[in-house]
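Two complexes come next, and they have one chain in common, chain A, joined by chain B in the first and chain C in the second.
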Partner chain A sequence: MSKSEIAQIRPKSIGTSIPRREDPGLLTGRARYIADIVLPDMLHIAILRSPVAHGRIRHIDVAAAQAMPGVELVWTGQDCVARCPGITSSLEQAGFAVTVQPLLAHDEICFVGEGIAVVVAHSRAQAEDALERIDVDIEELPVVTDALTAVDGADLANAAVASNMIYHSNRVTDPVDEAFASAALTVEGRFKTPRVNASPMETRGFVASHDWTSAALTCWSATQMPSFIKTMIAIFLQFPEQNLEVITPAVGGGFGQKAHLHPEELLVCMLSIELGRPVSWIEDRQENLFRAPQAKQQLNEMALAVDNDGRFLALRDRVTTDSGAYNSLPWTPLVEGHAGILVATDPYRISALSAESLSVATNKCPIGAYRGVGFSAPTLAREVLIDRAARKLGLSPFEIRRRNVIRQEDFPYQTRAGMMIREGSFLETVDRLEAMVGYEDFRKRQQEARKEGRLLGLGISIFSEISGIGTRALNFLDYPLTSHDTATVRVEPTGKVTVTTGIVTSGQGHPTTLAQIAADAFGIPVEDVTILAGSTHHAVGFGTVASRSAVFGAGTIGRAAEIVRGRMRAVAARLLQATSDEIEMAQGLVHVRDDPGRGMPFAAVAGAAYFAEATHPEDFDPALEATAAFDPSDIVLANGGHAVIVEIDLETCMARVEKMYAVEDCGRMINPMIVEGQIRGGMAQGVGMTLLEELIHDDRGQLTTSTFQDYLLPTSRDIPDIEISHLETPSSLVPGGIKGMGESAMISTPAAVAGAVNDALACFDVAIEQFPASPQRIFEALSEAAVLDGASLPN
Partner chain B sequence: MKFPAFSYACPTSLAEAIELLNDDEDSRPLAGGQSLLPMMALRVAAPRMLVDLGNIEALRQSVVLPDSMRIGAMATHAMNAASFDIWMHFPLMAQALHHVAHQAVRNRGTFGGSIAHADAGAEMPLVVSALDGVLLLDGQSGQRTLPASEFFQGHYTTAIEPGEILTGVEIPFSDMDWAFEELSRRPGDLAIAMVAAGVSVEDGVCSQARLMLGGISDHPIRAVEAETYLIGRELTPNVIRAAAGMSAAGIHARSDTHASADFRLSLATTLMRRALTQLATGAI
Partner chain C sequence: MRRADEDQKMGVVATVNGRERRFEVLPRVSLADSLREELGLYGVRVGCEHGVCGACTIIVDDLPVRSCLMLGVQADGKTIRTVESLGGGKELHPLQQAFQRHHALQCGFCTSGILATAQALLEENPCPTRDEVREVLSGNICRCTGYQTIVDAIMDYAACAQANDTAFDAGAGESAT
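On to the complex of A and B.
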């Protein structure tokens, strides 16, 4: 049977907003996070992090640190490299530069915050005290901070990356010159999205405990990818994988940042093996800002050719990703700009695409995955350009999109990047958003406000989201990786169901939604299902990333349940004197189709399978337990749109979001409340990226926004009411018609906020293309246009 | 982000606290800890000794006097925000307190702590400057007082001598009307720019004016020229515009991650005009 087989699930609990079963533990502080893992004799580490962005270690002296109270061990890069050369990361693509990130730098240092030495002590405070006694002599090297000039520059950010070019791709090279030459209108811009940090509430952390008596290594990791981490530990440390367990405790948010193999994780394992004692690393907030994978820094030089009727003729995009000094594992910088260009035209009919991506090394922290990954930036550029075209053509922003979205009659539609779009509700999204916003009224209100000196702006974004990312989607995005999950489903003798899954949760509500899926697979109450997760001793999972868990949860649990159901049907058929094909399961009963009277409780059939051999058919396999894998046969595409209204104070140049709207079509929703929670959280992050958040490096590569006083996350007071509406186009590739949706808001909200800022300023012919649209940037743009001189609005 | 090792004392009398501070020159008084403790956690500050002022009851007390009010240094922002006396006598301060951080910080952060820390973006230094507060200091060589204009010397810099403790601020009652305006990146953040404006209007013209700018420079700045200009004039839009323009003129503005000097000066003008417009129209 194929791994992409679609099992039958009849939605009953699916589609209902049942309360999250994990909330009592989370809300009363009883859930155990990584920092709550306390083991006998456990030691703590602190890492000395480089104060310079680029240099070479001349000399390092740890003797004084070693002598400090409570210190058990001090290691430098030299101690590490002998045991593990570092994290090698590359992708099998022509011309892709390999980087090896040492666990601690032993020679070249490539960014501020890179580890140089580690102290293991009885407490974190003692370890930090000892760090201050380490004496390092670093020869400073030229620093590369600007990805644009780095390509032609003489200085290298990392000696291993020639010309600072990690990867250069011309993936789609349709001829577009003619389209641009003949276009009635060309809109173009240079859109800069900021380098940001996902800033989960809980920082990263890892505990390892090596037991020499059993040779077992047990790890606790605040991770989104425990199975991956386990295999990477086995490979990089040459540790027997069968003796390894990675446990995922409660995780306080991941957003992609915790979907990598971090050098610290291998380091902690090595230290525990070396010392024979448990070792804990709990990252502090400043380490997180300096060293946790950063994201989103792209320059999109994009142009859109449009005809007189507002129809899109061609799109050209050249994206440069400021990739940092090493390739993160497994994503590499491809997760940003390169992934982005491949979705640059969706969800519009654009018949020609010319897309080039450059991933450029700089002396900054490595770029990694963050919710919406590389899709956010080109979506922002495209949607702002579409608004600009609409203004120039005198069309409403909804109308121009209506004229260009992929419609029902276009399915299946293949994008120029090669993605097959089978289904979606793009046109309905535009119509729904327009009705929610009340477009005509908004324009009147905008006019009125202008008379009072207030600048209102409306931004819209229409998106499609590659969700439930499996092997096909990864390959489309140029990752030569394979990605499937497994689940094990067991029906207990009393008819209760235990599911073991490789899906771990970092706040998304999987213990609840996966139970809803399993309940509907067997037609039993959701209370009768238990979800076991969080240990690599359980099932295998690629990770909770890329909006994939709903899809893979439904796929794996559905397929495994179908195997068990078949066995139960065989028993029931015998008991009910029917054929297996006639047996159905619903409402806690197993009965003959269309005849619920000829049935028996689900538990009775389970009990018979376990305890009454006489009920078994001939050659019956009584294992009411099955494991199955799932990997969808193609890309599972969700879609939707966002609209944002901002108000800009012309004099203080402050932009505030007044109202936000979301239309989401993620197929059949498992739990609408959880879907809406995902939307609200993602939209808040989208506001952060476009109005507030920015990791700023100076020309020495020093991070100047090194605490939450300067790195500005949106607070509840920065986020207005959010109105949400749902469309439901079931997926044909996933049981229950389910699609993923966790990243959608972060893919598309930044575009809507950016569009709104630009709409507010369009009356002055002022455009903002660099984000976040801070008051300083708006001030500069208005000053340049000489708008502020009069300090009042033209009526 | 763990504290370096330090000694800790929690005296119950001011005299004891002063003695402790003078015993060790590397000691620091601890008020609400909302600035000092994060700095210690970041290891930007590493005093050998912390003298916690939290158990000195007298420092928490505020007293209404015939012509002034003495506000205790250890009164928290939350206590002051809930104080009827402050609301009645110093509406400027009541307004400004809405901009001070968030409730959790206001519950621990203190009036005196904020003043002694003297962050250029903090509201309380501007408020006591605008209201001509007199800073009350106590040390080994006895008590002394300083006007706000001599107290605030720069970003994180005041006239407090080592071993001295700020015990409170005595603020004279003001017969002016006051307005406060601030711009920060997010509600509750330190100000990028803020202004306090006070005027008295008699027979339709301005008879008294006090205009102060905060966040623009490294300490609160008084706009004397603009104040003088307002005296004897009616607060018309044109007069207000002119005064606002004057108030920011000639200031050496600071520049940081969030705002350039030019932008700060532009904000100063805007916020001053808005504050004066509030006062002129009564739209407070």
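On to the complex of A and C.
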């Protein structure tokens, strides 16, 4: 049977907003996060991190640190490299520059915050005290901080990356020049998205406990990818994988940042093996801002050719990703600009695309995944350009999108990057969003406000989201990877159901939503299902990333349940004197189709399979347990749109979000309450990235925003109430018609916020293309228009 | 005045979650770490350790306090409430129930601190406006929810408490059993 087979699930609990079963533990403080894992005899580490962005270690002396109270061990990069050369990050792509990131630098240092030495002590405080006694002499090297000038520059950010070019691709090379030459209108810009940190409220952390007597290495990780981490430990440390377990405790948010193999994770394993004691690494916030994977920094030099009627003719994009000093694993910097440019035209009919992407090494922390990774930046550039074209043509931002979105009659539509779009509700999204915003009224209100000296702006964004990312989607995005999950489903003798899954949660609600899926697979109450997750002794999962858990949860649980259902049907058929094909399961009963009177309780059939051989058909396999894999047969595409209204304060030059709207089509929703939670949270992050958050490095590569006092996260004053509307185009590739949706808001909200700021400024004929649109940048834009001299606002 | 010796633990006597607790801590240890490590109150979450994110908020002498900005030794003689005191042993407090009902938490890491902030607000102002709730909440960062459902939950709880004429009672979950 195919791994993409779509099992039958009849939605009953699916579609209802049942409260989350994991909430009581979280609400009472009983849930245990990584920092709450305390083991007997456990030691703590602190890492000496480089104060310079680029250099070479001349000399390092740890003797004084070693002599400090409570210190058990001090290691330098030399100690590490002898045991593990580092994290090799490669991709099978011609021209891709492989990097090897040492667990601790032993020679070249490539960014501020890179580990240089580690102290293991009885407490974190003692370990930090000892760090101060490490004497290190670093020869400083030229620092590369600007990705644009780094290309072919004389200075290298990392000696392993020639010309600072990690990867350069021209994936789609349609001849667009003709379209641009003949176009009635060309809009273009240089859009810079900021370098940001996903900033989960819980930092990263890892605990390892090696027991030499059993040869077992047990790890606890605040990770989104436990199965991946386990296999990487086995490979990089050459540790027997059958003796490895990675446990995921409660995780305090991840958003992609915790979907990587971090050098510290391998380091902690090595230290526990070396010392034979449990070792804990709990990152502090400053380390997180310096060293946790950073995200989103792209320059999109984009142009859109438009005809007189506002129809899009061609799109040209050249994206440069500021990649940092090493390739993160598994994503590499290709996850930003290179993946993003492949969706630059969605969800519009654009028949010519020129897509060039460059990933450039700099002396900064490696770039990695963060919600909507890759897609946020090109979406922002495209949507702002569409608004600009609409203004020039005198069209409403809704009308120009209506004229260009892929419509029902276009399906299947193949984008120029090669993605096949078979379904979606793009046109309906535009219409719905327009009605929610009340477009005509808004324009009147905007005019009135201007008379009062207030600046309002409206921005909208239409998106499609590659969700439920499996092998086909990864291959489309140029990752030669295979990605399926498994689940094990067991019906217990009393008719209760236990599901083991590789899907771990960091707030998305899987213990609840996966139980809803399993309940509907057997037609039993959701209370009768328990989801076991969080140990790699359970099923295998690629990770809670890329909006894939709903899709893979439904796919794996559906397929495994179908195998078990088949066996239960065989028993029931015998007991009810019917054929297997006639047996159905619903409402806690197993009965003959269309005849619930000829039935018996689900639990009775389970009991018979376990304990009553006389009820078994011939050659019956009584295992009411099955494991199955799932990987969708193609890209599972969700879609929707966002609208944002901002007000710019002319005194402070601050943009404040007044109102936000979302339309989401993620097929059939498992739990609408949770879907809306994902939308609201993602939109808040989108506002952060577009108005507030920015990791700023100076020209020596020093991070100048290293606390939450200068790296600004949105607060409850920054995020207004959000109005949400749902459309429902069920997926034909996933049981129950389910699609993924966790990243959509972060893909498209930044574009809507950016559009709103630019709409507010458009009356002065100025624009902002570099984000976040901070008061400083708005001030500069308004100064350019000489607005701040007290002149009245144009009508 | 006792002398604070960097390497010498100091004795602290405080009322914590309704019970007198005695513990010893090094003078440099934060109250957050003291509560976690000395008293096992792991519901106190440490998010940024410089008083910005609000995850470690607890109630000290009826005021919301960042426990990362107080030292453990400063708890001497104080009355402290952490999330572990909210509700009874076997049922959620109605405020916690409102949080669950409204999906006012996702990863849950900021939740202990937000509950403490809400608790302190409601004790002082049992029927706040939405705007007042947003203002008070602005000292607690939540990265998951976008805040709206947190405001909804607090408003819903306040409305229910008003209707039932019950002031904020930290043990309300227990009394309901």
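As a working rule, the second predicted complex is superposed on the first by the 790 of 795 C-alpha atoms of A that agree within 3 Å, B and C clash if a C-alpha of one lies under 4 Å from a C-alpha of the other, contacts with A are read in each partner's own complex, and residues count from 1 in each chain.
The definition used in the following text is that a residue touches a chain if its C-beta (ideal position, glycine included) is under 8 Å from a C-beta of that chain, and two chains touch if they have at least 3 such contacts.
Just so it is clear, the structure is predicted and the values come from calculations on it, not from any experiment.
Student: What is the contact status of A:Q776 with respect to chain B (first) and chain C (second): first, second, both, or neither?
Tutor: After superposition on chain A, A:Q776 lies in contact with chain B alone.
Student: Name the contact category of A:A125: first (chain B only), second (chain C only), both, or neither.
Tutor: The answer is both, since A:A125 touches chain B and chain C.
Student: Considering only touches as defined above, state whether A:R717 meets chain B (first), chain C (second), both or neither.
Tutor: both
Student: Applying the touch criterion given at the start, work out whether A:R285 contacts chain B, chain C, both or neither, answering first, second, both or neither.
Tutor: Once the two structures are laid over each other on A, A:R285 reaches both partners.
Student: Contacts for A:F255 in the overlay, against chain B (first) and chain C (second): which applies, first, second, both or neither?
Tutor: Touch partner of A:F255: chain C, not chain B.
Student: More residues of chain A in touch with chain C or with chain B?
Tutor: Of chain B and chain C, the partner in contact with more residues of chain A is C.
Student: Let me test your reading of the model: by the given contact rule, A:I696 touches which partner, first (chain B), second (chain C), both or neither?
Tutor: first
Student: Once chain A of both complexes is superposed, is A:Q709 in touch with chain B (first), chain C (second), both, or neither?
Tutor: After superposing on A, A:Q709 lies in contact with both chain B and chain C.
Student: Where does A:V81 make contact in the superposed view: on chain B (first), on chain C (second), on both, or on neither?
Tutor: neither
Student: What is the shared patch of chain A, the residues that chain B and chain C both contact?
Tutor: 125, 284-285, 707, 709, 715, 717
Student: Okay, in this complex, where on chain A does chain C touch?
Tutor: 17, 19-20, 22-33, 35-36, 125, 198-203, 250-253, 255, 284-285, 506-509, 673-674, 676-677, 680-685, 707-709, 713, 715-717, 719, 721-722
Student: Report the residues of chain C in contact with chain A in the complex, numbered from low to high.
Tutor: 26, 28-29, 36, 41-50, 52-53, 55, 82-84, 86-87, 92, 96, 99-101, 103, 105-112, 115, 133-135, 137-151
Student: Which residues of chain A touch chain B once you look at their complex with the stated criterion?
Tutor: By the definition above, chain A touches chain B via 123-125, 128-129, 132, 284-286, 651-654, 692, 696, 704-705, 707, 709-710, 712, 714-715, 717-718, 774-776, 779-780, 783, 788, 791.
Student: Under the definition above, what is the set of chain B residues touching chain A in their complex?
Tutor: 1-5, 38, 42-43, 183, 185-190, 192, 257-260, 262-263, 266-267, 270-271
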